[in-house]
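To start, the structure under review is shown below, and the notes come after it.
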Amino acid sequence: MDKTRLEAFSDGVIAILITIMVLELRTPEAASWEALRPLRPVFLAYVLSFVYLGIYWNNHHHMFKAVDQVNGGILWANSHLLFWLSLVPFATAWMGDSHFAPVPTALYGVVLLSAAMAYTILVWSLLAKGANPRLAHAIGRDLKGKLSLALYVSAIGLAFINVWLADALYVIVALIWLIPDRRIERDL
Amino acid sequence: MDKTRLEAFSDGVIAILITIMVLELRTPEAASWEALRPLRPVFLAYVLSFVYLGIYWNNHHHMFKAVDQVNGGILWANSHLLFWLSLVPFATAWMGDSHFAPVPTALYGVVLLSAAMAYTILVWSLLAKGANPRLAHAIGRDLKGKLSLALYVSAIGLAFINVWLADALYVIVALIWLIPDRRIERDL
Amino acid sequence: MDKTRLEAFSDGVIAILITIMVLELRTPEAASWEALRPLRPVFLAYVLSFVYLGIYWNNHHHMFKAVDQVNGGILWANSHLLFWLSLVPFATAWMGDSHFAPVPTALYGVVLLSAAMAYTILVWSLLAKGANPRLAHAIGRDLKGKLSLALYVSAIGLAFINVWLADALYVIVALIWLIPDRRIERDL
Amino acid sequence: MDKTRLEAFSDGVIAILITIMVLELRTPEAASWEALRPLRPVFLAYVLSFVYLGIYWNNHHHMFKAVDQVNGGILWANSHLLFWLSLVPFATAWMGDSHFAPVPTALYGVVLLSAAMAYTILVWSLLAKGANPRLAHAIGRDLKGKLSLALYVSAIGLAFINVWLADALYVIVALIWLIPDRRIERDL
């Protein structure tokens, strides 16, 4: 099976998720700068999730460059990833609306952690299919992936102690990944 | 006529349907785990429908692999399928909001049954066009399709007797289809 | 310039329009069949507009089969068509919510009439570009197009006399177009 | 890396943005022409933003015609542009809902200015990659780009003095760009 429709479907879902998040930025009642102030946490949460979904799109894009064929298992591993990504707008809205309260901040981390695990499963199922050796080489020991999982788990715990430390970890993971997987780019 | 735009349009519609369902997961008022509890039935209904739409996308994808050309009749059979799928978010939201009450659960089955019949009509119109013999062979006697129709009809009736039995049937049909049509995959 | 992205963009916009209309089908408060009854006009309006957008997608698809190249003018003629189509969900919701009251029914006709005129302009700009002679031949005297415009104008007027006659005309135009342009299919 | 998925993803995001703006046109309570009157500013703001997003799609389309390869930096410059465009529906809704009050009109200009700067950065990153010399030639001194930035800045200031002058400038910039970059079209 060829990968074109899987890529197109994933692009579609991620494009829609990234865009419907903006619907949470509700029009302020008044027409003043002050009326924008309550939107600040919602906006910050939006920016963070925009970057995360951008990262997923970007790395998905890069990874499938090194893939030639997909099978039923890969289709489902990909849908599983899209499922967790589809919960990002909900978690984002709750975190923003609650002004980064502990429980929503922890739930945000749970969703990111689940998406990261789903991505790892997708990588495994691509490698298991005996995919392109370039991909195996490019992924290597996947230090960035493992570090991200550890940071998400830490952030979920920290959310109940100091919510800003948790948010700082989410920002740090985003920064780690902002650079698309140069290993793949280089190896290709 | 070639099939590329039909595939792209179907992918677009299914990607959007799968994504707007998540808008039903409304942000809780409070920032506590308890505030998430009322969302449980909405979330479960979302997961079920996500899997169903994923199955349709998956099998649509597989089936059109075995198709080379489309005509006006096939375009409309495909739009007819998309119409019933477009009602899934509504039926899902009602079933979830009503905490799986009998009538919404039955309506959910009616929508799934209609979509399944529309899919069958699409298969027929592909075969009628004298399509790829591989497709005819792969579909065969379509036992899974016929079984699904029977289970949907049973579930619609059962919804008024024991709603959990009806929901169990919906889950069973989903599990039956979770495995993409290996017959097609094998035959191709 | 090649036509691929124009087709993809149009497919995307029409897929989204067709799908967001379903958001107007709001979840009923109660979990009974009676609670669905007030949704009937909204549902009927949805079905009609689903068919209309399906027709536009279908004929757009057919027409661009006969097109090889696009230029800036064609891009804008296409965007102009998409603009009027983008008002279909609004007009549909108003007509449905108002239970097919005269003014919303007339506005629905105005939107359909404008979209039909935008489609005619798009056809002209394709022909003006000295497009494929097959397209010119297939379009011919465009009787269906001219008849549709006349029927829309009649329906807009009739909406203030007998709203059901106006709606009947909308259904008739849809039926006229349900058959994709066989002339193009045949000529290609 | 090839540019297909970047184009598809951008097309998807812009198609969704252009379409969700229409959700701001809420169904009037009454079924009369007068009930439409309060929607006039929302509608005008919608038309303006539809044209702007159409322009961005159009010029994005044109520019990437002259691009053969993309890299990680270009992916992010493109995502950065999409981020600012994703704020257009919010700014449009606020400007329309507030009947073109000064602060929302200024914010609309800030979003347009940011999107224009993001577009400029995207152009630079394409040129920096040693892109197609045709692109460098076609962009030239980018007078239109520089003029637009100056007009946006003026409009933001003017919004607090005379809001209609600010809106007039937004319309003028749109008219300047309505003609897709003929330089690129000619040079290609």
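Chains: A, B, C and D, in written order; residue numbering restarts at 1 for each.
The working rule: contacts are C-beta pairs under 8 Å (C-beta built on N, C-alpha and C of every residue); 3 or more make two chains touch, one makes a residue touch a chain.
Fair warning: this is a prediction, and the values are worked out from it, not measured in the lab.
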Message: From the centre of subunit B, which other chain's Cα mean sits the farthest off?
response: D
Task: Look at both sides of the subunit B and subunit C contact and report whether the same residue positions are involved, with over half shared, or different ones.
output: different
Query: Between subunit A and subunit B, two copies of one chain sequence, what rotation angle (nearest 5 degrees) aligns their Cα atoms?
result: 90
Message: Counting only Cα atoms for the centres, state how far subunit C is from subunit D in Å.
response: 26
Field: Centre-of-Cα separation between subunit D and subunit B, whole angstrom
entry: 37
Task: Could you tell me which residues belong to subunit A and also touch two or more other chains?
output: 8, 12, 16, 20, 23
- prompt: So what shape is it, when you link every pair of chains that touch: line, ring, star, complete or other?
  reply: ring
- prompt: Chain pairs in touch?
  reply: A-B, A-D, B-C, C-D
Field: Residues of subunit A that touch subunit D when the two form their complex
entry: 7-8, 11-12, 14-16, 18-20, 22-23, 25, 27-28, 31-33, 35-36, 47, 50, 54, 57-58, 61-62, 65, 178-180, 182, 185, 188
- line: Note: in the complex, subunit D contacts subunit A through residues 1, 5-6, 8-9, 12-13, 16-17, 20, 23-24, 71-72, 75-76, 79, 82-83, 86-87, 89-90, 93-94, 97-98, 101-104, 107
